Amino acid sequence: MSNLTLLGDQSVRYPTDYCPEILETFDNKHPGNDYFVKFNCPEFTSLCPITGQPDFATIYISYVPNIKMVESKSLKLYLFSFRNHGDYHEDCINIIMKDLIKLMDPKYIEVWGKFTPRGGISIDPYANYGKAGTNWQQIAMNRLANHDLYPEKIDNR
Amino acid sequence: MSNLTLLGDQSVRYPTDYCPEILETFDNKHPGNDYFVKFNCPEFTSLCPITGQPDFATIYISYVPNIKMVESKSLKLYLFSFRNHGDYHEDCINIIMKDLIKLMDPKYIEVWGKFTPRGGISIDPYANYGKAGTNWQQIAMNRLANHDLYPEKIDNR
Amino acid sequence: MSNLTLLGDQSVRYPTDYCPEILETFDNKHPGNDYFVKFNCPEFTSLCPITGQPDFATIYISYVPNIKMVESKSLKLYLFSFRNHGDYHEDCINIIMKDLIKLMDPKYIEVWGKFTPRGGISIDPYANYGKAGTNWQQIAMNRLANHDLYPEKIDNR
Amino acid sequence: MSNLTLLGDQSVRYPTDYCPEILETFDNKHPGNDYFVKFNCPEFTSLCPITGQPDFATIYISYVPNIKMVESKSLKLYLFSFRNHGDYHEDCINIIMKDLIKLMDPKYIEVWGKFTPRGGISIDPYANYGKAGTNWQQIAMNRLANHDLYPEKIDNR
Amino acid sequence: MSNLTLLGDQSVRYPTDYCPEILETFDNKHPGNDYFVKFNCPEFTSLCPITGQPDFATIYISYVPNIKMVESKSLKLYLFSFRNHGDYHEDCINIIMKDLIKLMDPKYIEVWGKFTPRGGISIDPYANYGKAGTNWQQIAMNRLANHDLYPEKIDNR
Amino acid sequence: MSNLTLLGDQSVRYPTDYCPEILETFDNKHPGNDYFVKFNCPEFTSLCPITGQPDFATIYISYVPNIKMVESKSLKLYLFSFRNHGDYHEDCINIIMKDLIKLMDPKYIEVWGKFTPRGGISIDPYANYGKAGTNWQQIAMNRLANHDLYPEKIDNR
Amino acid sequence: MSNLTLLGDQSVRYPTDYCPEILETFDNKHPGNDYFVKFNCPEFTSLCPITGQPDFATIYISYVPNIKMVESKSLKLYLFSFRNHGDYHEDCINIIMKDLIKLMDPKYIEVWGKFTPRGGISIDPYANYGKAGTNWQQIAMNRLANHDLYPEKIDNR
Amino acid sequence: MSNLTLLGDQSVRYPTDYCPEILETFDNKHPGNDYFVKFNCPEFTSLCPITGQPDFATIYISYVPNIKMVESKSLKLYLFSFRNHGDYHEDCINIIMKDLIKLMDPKYIEVWGKFTPRGGISIDPYANYGKAGTNWQQIAMNRLANHDLYPEKIDNR
Amino acid sequence: MSNLTLLGDQSVRYPTDYCPEILETFDNKHPGNDYFVKFNCPEFTSLCPITGQPDFATIYISYVPNIKMVESKSLKLYLFSFRNHGDYHEDCINIIMKDLIKLMDPKYIEVWGKFTPRGGISIDPYANYGKAGTNWQQIAMNRLANHDLYPEKIDNR
Amino acid sequence: MSNLTLLGDQSVRYPTDYCPEILETFDNKHPGNDYFVKFNCPEFTSLCPITGQPDFATIYISYVPNIKMVESKSLKLYLFSFRNHGDYHEDCINIIMKDLIKLMDPKYIEVWGKFTPRGGISIDPYANYGKAGTNWQQIAMNRLANHDLYPEKIDNR
């Protein structure tokens, strides 16, 4: 794990804008069996590109590793880099997914953002991906087809 | 996004009756991958067409964009336009779905309304749609077939 | 909707015993797309046919309309008519389902009763039906086969 | 306990109208220390005296016994006797309290009814009483003065 | 109760603007003991006086009757009359309290509004009142002094 | 229903040890349509066969009746008969299922026990069965294959 | 702690009937400051003295130690000794409190039982005690006077 | 209300650092009766002054107005101004309280921050204030003395 | 069951480091029907291999026994052996699964760890396995493909 | 804050046994107003001094600072130092309180531990303290006298 530069390094600075290059990986030690890893990220915030007002979301990232895995402290810093960056809800979710696909080349990944309301309405984008040439390509389509049949109860309080 | 006229325009007036023409769209920037967008709308109210008494609902709208996407502030104003409009629960849900299909031509859409009770009984209509010529037509049937196997606990309090 | 006699009629009397003939219908205005309507009925009560003691349940009725739909105020009066009527839990649920099938000839219907406990045990019957000659016949079997894989937590408090 | 006629008697009939005389008592075996007994009664139902439609409530009865205590099976039958009886919410609660005071002459008693909504509004009456000549008279006033500073969240679902 | 004109009258029209004169009373049948009556009103909506956008709240009204009590159907119509009326959150709550004091001359009353958020912040005004010359004047001050020591958890979802 | 000996018989004694012969049946009155009946049994207790300490569980029994159905009061007495009987968690669940299969010859049955923890770990066995020669044999395998994909949150408090 | 005979002794047998003499104590190591110790006991069961049917409760015991404290394993065995013992709900709670007062001579103790329903009603007795000659005698009266102003929501499910 | 410059002004920019001067007031229209106004602010974020990592909190602000009241949109912008500002949890809460006292000169105010955990521990500061020369000075002391007797359950998930 | 050495043996010592050899088995007494056994283990803790700080998780283990079953007290000691052992979240879960496969040769097994957050993000790994040559190999793939479509709500509190 | 040695120092080692000397303080910057600081610590674990088995608790520490305040990272390390240390539940809570009193000399402090069950019973000790010569001495007695009138619902799951 000599390629990990962030974990255990106290002097690392937080990035000041969107910064995908801060993401780091380590090797999957269990390549013999497919398995899931989920990150629960309730501390996501970005800015509205039109009004500049802050947006807040909980983001759930779930993936099946291939050879590389994302290191969690670098993921924290990457998500932090949206803090003063302006993007729409749907774009944030798709961008996060694409950056992690590019980084890890995972077998499968999904990203679900659950934002707080503006004007009485909240928006929850969900995107997923399965690697071509694996059975996860079809699984991704199936998971999308069965996405969120039971929307959680929302009352804005 | 030059076609967006409502977001960031403070002078917009709230419509006084049912008003589908207020809906606006913007372009899907991620056409390469199907994904879901959900709107949680707990502040819906309309009038009973017979008695004139107000009805209240939380409405969940979930769709897979095609080329166009509905702009959320225009959606807010559109839903507001039912405020002094009279229609039955089932009709509200079907009308909302059909207006959004006409607006966006989405790959998939579903609308679920959860109303407050009258006379001790509450009514929750659910409608969905998949675009002909895409795999979402069959998915829509499958989602309908598997709709709400676990009804939420309701005790009217 | 000239055939609706109960909605908006203040002088209607509550029936004093089981009374399926009080049920009324109106026409489905959206026959072009299959959709679900659910009634949440937490105020159901009947009598035990042996001991005469009252039974209480929340009843969930969910159906896909065909040509006719049940009017909700008549449904309220119909369910009220079990108030002083004695029947077992399983029978109440099956009778309600069969009366509504006879009334509406729906594409699909399901009825789930969740009763309060007697002697420390509560009973929850569930019945469903899909119209022969439609794809809802097979869907009904599938829904029954997948019924309630996650029983809700019950502790009698 | 030879004065208990209902507990363990299977042949008892349910009363057909309001019936305070069915209430029975037994002797407090712990007169040396004041203590509370609470009855949770979620299966209460009566009729609206104007429209005849059924009302439903959960009733909480809490008291400090003096010499006599109410037997719980007779309490069940007494509450059942409201089933086909018409009275307003506030009256039901005050009547139940007064009947139990007359029956038991308790040191303290309180009755709280939480009804299901009609027309979007639910009503929760609360009455209490402390026996004159005991410190419970002042306690009753204090409990009333501090009643329900934290109303439970209600959304009619 | 011959002075009640709304309950059981199907032809009553919903008022089109703020309308305190629609409130009706009936006599307290239990003047011998102070007691509480609470109304849970989760279906309140008004308009923002500046932007015209709809506001939504659950309103809890709790009072100790004196000689007169507010009739619940008239209360429903009164609250409905804010639907197309513009007022700030704090004003709505104080106005409702003052109208009910004027109507009923109660011993005690409190009104708590819990609104949905705008711009990520929600506002919950609470006002109360105790009749001069009764012990409820001091109790009102005590209840205000102890108001809401445990704010409910809010996350805007 | 002349074969029911327990319901309505006050003099029945509680068995003092494991007692499957106490189970009674009645005839299914709705043999024309398959349906589910679920028993929620939160008051189950047995003894550990090694240490003699008490075990507690909530047991969920769900079945599709064939010709015979288990009478609920006899089920209560049967479950009571484990009270002073020693058996492991997994054995209790399998034995209950097998006794009910022998009694009713159901089309389908499943039994799920959720025990309280010992040494910081709790054990939840689940067994099911589908009658050979019916489509419920395959359904049983499918239900087992999809069992409990969403384990409930447990924190031992 | 040489007087503890049960903790760490695997060979101890469970008592077969009500058995207060099994209770053991150890010395309070913090006599300089009054403090509370609470036992949460959700696995209590006894028998109805009339019908022999099992009763179930969660019992909360909270006390302020004086010189002696009850050892928790002996408390477990003591509570187990009600398993095949018949007593009314109110009596169980008062007996447990009195046995622990006799054992420990505490400054303060309270015992609250929350039983599962029989016939649709559940009973929750609460008793407390403050040692004469200490300020806990008055505190006990105050705690009783303020007992359970917010009854938990009960729906028997 | 001519002194309100932010509400309804779409062109306002979000401040880039701590900015108490952005706060605005309007006049209390109900000075005749003391009442509470609570702001629920779940979207607060600041930076750790040592490590630069983001902190997140829900902040509850509750006050009794005197002559001036804080305008909610200016409060939103003020809280936003902590976004890129570094301060400890305890300091943020005290500073917010002091800024609002300076702005409004309220009769009473309290501020409670509930932060997300760092290193497995979360910190919740609470400060309050009562205006000298009013009865709210003593009430503030009483509220502090009774603060948070029932800490909410926290498990970091 | 003569091969069980830990259950009922008070003198067993807790292991001081990772110790899979402590695991013991007993024979499956119900080999005729496949069934599930789930262990809920909310008291898992290990050390971070880089920083040495403690990690905490709830671990859910669910399996379908073949010939041998894991004895629960030995499982407790095995999980305890991670207490002072350093391993990453993903590795702990995969190691536990592989140790149990090696021990029991089960038809199916899955292990899900839900850890508390570090730096605002929590990680939940999930691995599963189906025995080659049985239908559980395909079921394992299906369960993985359908894993966690509904992530639980996480807010780090 | 030059006396803080732990915050921001990555090389600090976790202590291997009970270690109160690791605690550090910083100065209270708001000595002008009394206020509360609460630490939520759900990751506490120690060992049973008799059996060596691990105990788990959530510990809530709440205090009113005087001149010095405990630094949160040092608190984390201090609580960690119980990990391989043996002490009874009541002793852990009293020791933590006394160590923090010695460290900070606070105006007020309370410590509440909520442990997971052993043998079906869980134990929750609560201790508090008010500084002599301040009004917090009396407040401490009052808070103890009013401790936990509403025990949380516990079912060991």
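A, B, C, D, E, F, G, H, I and J are the chain letters, set down in written order, and residue numbers restart from 1 in every chain.
The rule we apply is simple: a contact is a pair of C-beta atoms (placed from the backbone, for glycine too) under 8 Å apart; a residue touches a chain by one contact, two chains touch by 3 or more.
In this text, all values refer to a predicted model and were calculated from it rather than measured experimentally.
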| item | value |
| --- | --- |
| Shortest path length from subunit B to subunit I (each step joins two touching chains) | 2 |
| Type of subunit B:subunit E copy interface by residue overlap (half), same or different | same |
| Chain centre separation (subunit C, subunit D; CA means) in Å | 32 |
| Chain centre separation (subunit A, subunit J; CA means) in Å | 36 |
| Interchain centroid distance [CA atoms averaged], subunit C/subunit J, Å | 55 |
| Separation of mean Cα positions, subunit I and subunit A [Å, integer] | 27 |
| Multi-chain contact sites of subunit C, meaning residues that touch two or more partners | 8, 10, 40, 42-43, 51, 53-54, 56, 116-120, 122, 146-148, 150, 152, 154-157 |
| In the complex with subunit F, residue positions of subunit I that touch it | 7-8, 29-30, 33-43, 58, 60, 62, 64, 69, 72-73, 75-76, 79, 112, 135, 139, 142-143, 146-148, 150, 152 |
| Footprint of subunit I on subunit F - complex, ascending | 50-51, 90-91, 93-94, 117-129, 141, 144-151, 153-156 |
| Footprint of subunit D on subunit B - complex, ascending | 53-54, 56, 114, 116-120, 122, 152, 154-157 |
| Subunit E contact footprint on subunit B (complex, rising order) | 10, 13-14, 40, 42-43, 45, 51-54, 56, 80, 83-84, 116, 157 |
